[in-house]
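One chain, chain A, appears in both complexes that follow, with chain B as partner in the first and chain C in the second.
After this line comes the complex of A and B, so read on.
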C-alpha cells in the first residue's frame, strides 16, 4: 500500500499546506484546462515548470510527490506505441509482416510524447493537490460550499478505514491460500475470474463492519445537528486570492489562444 | 411495493424507498463507503493485470470489478450509495498516489451507477438474470461510448483502429460482471444483510 500523500499535510512543514483547499482545487482545475486546451510544447513545458517551481518554493517532498509518475509510464509507453504504429502521416519506415504492413510514424511518435507530457501535467498537479491538502480541511471546505457533512466526511472516513480493509483482504487471501487457492500462481488471463473467492468474504465483512460503525456513529448522534463544529479552520488569505487569480488567468489566456488557433 | 409470494425483493428495486436518493442514513452511507473500500482492495489485483497488458489504456479486469461493485452498491443502497461506491475509488487512488490518472474515472464510474439505477428501478427483483445482464450490457455500452471521446480528445487515439480492443473489453465486461453480481446479491441476501 502506498504511503498516503497527505501525510505531508498532516506534518504541517510547509506554507503550502496552509493554503485554502479550494485554492489548490482552483489551481488543479486551471492546469487541467490548460492541459486539455493545447498540446503546444512551450505552453505545457511552462506549466510543468510552474508546478515544479511551486513544489520547490513550497518545499514539497520531491520523491513522494513525483513517485506516482512511475505508475503512468506503462500508459504513456502504450499511447506512444499506438500513435507511432497507427498514424498514417510522417511514415519513416515500413515493412510487411504476414501480409500486413507495419508502419512507423515520426508524427505519431512526437504526438505520443506530447500526450505523455499532458498526462504528466495532470498527474503532477493532482499529486500536489493531495500532498498539501489536509483531509479534515478538505471536509471543512466542502461543508463551507454547503455540501452536507455526511457526504463531505465520506472521503475522510474512507481514508481512515482503507488500511483496515486492505488488512482484511490480506487475511482473506491468506485464508484462501491455506485452503489451496492461490491467485498469484495461475494463468494471468484467468486471474480475474479467481477474484470471486476473495470478493464474497470481503464484501460480507465490509457490510458487517459498516453496520457496526454506522450504529456507533448513530449512537454518537452523527449528523443530528446541522451546525457542526470543526477542529480545523480554513481561511482565505491574500496569497490564496493571488494564486487563484494567476491560475484562472493563465487558463483563460491559454483557452482563448487555443480557440483562436494561435497555439 | 409488496413482493410476490415466494419472491424476494431487494429494497431499492421497486422499492420500499425511492431509488433516488436511495438509502442516505448513516448505515447506507457508511456501507457504501465500505463497499468502495472493498472495490479498491480488489482493484489492486485487477489493475496490475490491466497495466501489464495495455498500460491501463483498455482496462478489462478493472472494468469487471467496477461494474460488479458499483452495480452492487447501487442496487443495495440506491443512486447516492452507488455514486459513493463509484467516486470514492478515484479520489482514494489519487490521494494514495496509486493511480494519478484516476480522476478520469469519476465520470465513468458515476455513469455505471446511473446505469444500475435506471436498470434496477425497472425490475421488480434485482436478483435475477435479466436485471443483472441488462445492467452489465447498459454499463458496458455506456463505458465504450464514454471511453471513445476520452481516447480521441485526451489521448488523440485513432479509435477506428482500436475497435477490436473495445469489442474485446465489452465481450468480457458483459457476462463476467453479470455472473459476479448475481452471485454477490444472492450471497448477501442469504447472509441476511438485506433489510426490507
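After this line comes the complex of A and C, so read on.
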C-alpha cells in the first residue's frame, strides 16, 4: 500500500502529532511570512535549520517528509538556470553561440539559489504540516473556528480519495498500455503529454464516484444537524502556546527588519 | 404492525415514459429478511432508503412507510436513523481515513454524545468482527473487511432496517463469506434486512421471503423454496447449485417433495440416490 504523508499522523507515533492543528497552521504561516519577506540567506538558512530541528526532535520520518522535495528540484534547477543566464549584472563569463551572446551571471546564480531556498522552505513546512496534522483533528479545529463542517470536511474527503484516484489512474494507464499505448517515454515532457489523454476517463470516473459518494454521505445523515458532535478532540497545551508565540514573533521580527531594510 | 410498508409505489425516471417501478406493494415484518430479484431492484432499494424522492429526481407515486414514518415526510438525513443502506462498492461509503472515523461519522452527524459514540463504536465493531482495528486506515482493509466496516458504520446509527444493495458484488469468495456470516448473525439478533444479491447459494438460506420484480411490477413474493418452484422456468433467475441439480434430476429420477435450497437439504434428498460405481 502506498504511504501518504498523513499516515504518520494517523499512526500517532510522535508528540508532534498531539499538537493543536492550528499551532501547526500558525507555524506554517510564520514560515511563509519569513520566506516571502526576505531572500536573506542567513535568515532563510536559520529558518530551514529550525524546521529540520523540529523534524529531528519530533522524530518525523525524514525520508517521507523530505521526499516531495524531489518533485520541486527540477523547478528549482530551472529557476536558478534562468536567473544565471538572464541577469545582466555580475557577469563572470560569456560566449558567442550562433551569433548570440550567452552570459553567466554570478549575481543571477546567487539569486537563483536564494529563490530555490525560498521554495524549499515553503515545501518543507507544508510537508511537515501534512505529516503531523491528523486530518480529522484539522477538520474539528476548523469547525471550532466556525468554518462550516461541509467545507472543513472536504480536506479529509480529498485526502481519503487521493489514493483511490491514483489507483484509478494506474488502472487506466495499465489498460491503455496493454492495448499498445506508449506512455513510458524517457523524455519527461513527452511523458506528461502522453498521460494527459488518460485524464478524460479519470475525470469521468471521478464524476461517477462523486455522485455515489454524495448519496452515501446523505444516507449517513451528512448535514442533518447544525449541532454536529465530534469523536476526536483537539486541545491546546502550553507547548502549543509557546510554539505559536515563537513562530509569530520570528515572523514579525523578520517582516519588520525586511520593511526597515535591515535585511 | 409491519416495520416497512410499500403502498402502490410507482417511479418514473426523468425522460422515460414507462415507469421503472409500477404499483409495487408489500410489507416487511420486524426481524424479517427479504431478498429482492429482477429488474429495478436497486431503484426499489433507493425508494426504501428515501434517496428517492429526496436525492434522485423523477416522478414518485405511492408511499413508503418506514417504522411508521413516510419517507416523503422527513429529510433524507433524518431517515438515516430509520433506514441504513449499504451500497455496492465499500470504497464509496468509507469516506474517512480510519475505520474508527468511518464508524462514528454517522453518529457525529446525528449529534450523538462522545461517550455514547464510544460505546456504540465498540459494539458495532464487535458485531462485524473488526474489534481492535479502530485506528486501521480504511484503505488498508481487505475487501470483505471494508464491506463489514460499511455495515458497522450503518449499524452504529441504530437503524430499524438494514438495506444492502449487492453488498458482495465487488468482493472475492472469502470476502463474500465474511459478509454473509455477518448477515446471518445480524438476522439471528433480530435485525430486519432487505437485500439485493445475485448469489443464490448465500441468499437462499438467509432470506425469509423472496421478491421478484418483472418489468417493474411485483411478480412473486414468497418464501425461498416456493420462490424457486415458482420461477423454475425463468431463465433470468440463478438458482442455488443444489436446487439446480435437483430440478435437473427431478423428472429423470422421479423426485417428489420439497425443493432443496441448502447443501444440507440437498444431501438429505439426493444423497440416497447416489450409488458409487463398483470396480
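We adopt the following convention: the second predicted complex is superposed on the first by the 234 of 263 C-alpha atoms of A that agree within 3 Å, B and C clash if a C-alpha of one lies under 4 Å from a C-alpha of the other, contacts with A are read in each partner's own complex, and residues count from 1 in each chain.
Methods note: a contact is a pair of C-beta atoms (placed from the backbone, for glycine too) under 8 Å apart; a residue touches a chain by one contact, two chains touch by 3 or more.
Note that the structure is predicted; figures quoted are calculated from it, not measured.
K.L.:
Sharing chain A, do chain B and chain C clash or fit in the superposition?
P.N.:
fit
K.L.:
Thinking of the overlay built on chain A, is A:255 touched by chain B (first), by chain C (second), by both, or by neither?
P.N.:
Once the two structures are laid over each other on A, A:255 reaches no partner at all.
K.L.:
I'd like to know which partner A:36 touches here: chain B for first, chain C for second, both or neither.
P.N.:
A:36: touches chain B, not chain C.
K.L.:
Output check: A:106 vs chain B and chain C. Expected answer is one of first, second, both, neither. What do you get?
P.N.:
Neither partner.
K.L.:
On the A-aligned overlay, A:230 touches which partner chain: chain B = first, chain C = second, or both, or neither?
P.N.:
The answer is second: A:230 touches chain C but not chain B.
K.L.:
May I ask you to decide whether A:195 touches chain B, chain C, both, or neither, giving the answer as first, second, both or neither?
P.N.:
In the superposed model, A:195 contacts chain B only, not chain C.
K.L.:
Between chain B and chain C, whom does A:159 touch in the aligned arrangement: first, second, both, or neither?
P.N.:
both
K.L.:
After the superposition on chain A, what angle is formed at the C-alpha centre of chain A by the C-alpha centres of chain B and chain C, rounded to the nearest 10 degrees?
P.N.:
70
K.L.:
So in the superposed three-chain picture, is A:10 touching just chain B, just chain C, both, or none of them (first/second/both/neither)?
P.N.:
After superposing on A, A:10 lies in contact with chain C but is clear of chain B.
K.L.:
Name the contact category of A:213: first (chain B only), second (chain C only), both, or neither.
P.N.:
A:213 sits against chain B and chain C alike.
K.L.:
Check whether A:117 is in contact with chain B, with chain C, with both or with neither, and answer first, second, both or neither.
P.N.:
neither
K.L.:
Which chain, chain B or chain C, is in touch with more residues of chain A?
P.N.:
Between chain B and chain C, B touches the greater number of residues in chain A.
K.L.:
Chain B to chain C: minimum CA distance in the overlay, Å?
P.N.:
8
K.L.:
Common interface residues of chain A with chain B and chain C?
P.N.:
1, 6, 135, 157, 159, 209, 213-215, 217-218, 222-223
K.L.:
Tell me, which parts of chain A touch chain B in their complex?
P.N.:
Going by the criterion above, the answer is residues 1-6, 36, 39, 64, 67-69, 71-72, 74-79, 82-83, 86-87, 111, 115, 118-119, 122-124, 126-127, 129-130, 135, 150-151, 154-155, 157-159, 161-162, 165-166, 168-169, 183, 188, 191-193, 195-196, 198-200, 202-204, 206-211, 213-215, 217-218, 222-223.
K.L.:
Can you tell me which positions in chain B touch chain A when the two form their complex?
P.N.:
That would be residues 24-27, 29-38, 40-42, 44-46, 49, 51-52, 54-57, 60-61, 64-65, 68, 72, 84, 88, 91-92, 94-101, 103, 153-158, 161-162, 176, 180, 183-184, 187-188, 191, 193 of chain B.
K.L.:
Under the definition above, what is the set of chain A residues touching chain C in their complex?
P.N.:
1, 6-7, 10-12, 135-136, 156-157, 159-160, 163-164, 209, 212-225, 227-233
K.L.:
Give the list of chain C residues in touch with chain A in this complex.
P.N.:
Chain C reaches chain A through residues 49, 51, 54-56, 75-78, 80-81, 84-85, 87, 89, 91-98, 100-101, 104-114, 117-118, 121, 135, 137-140, 153-154, 157.
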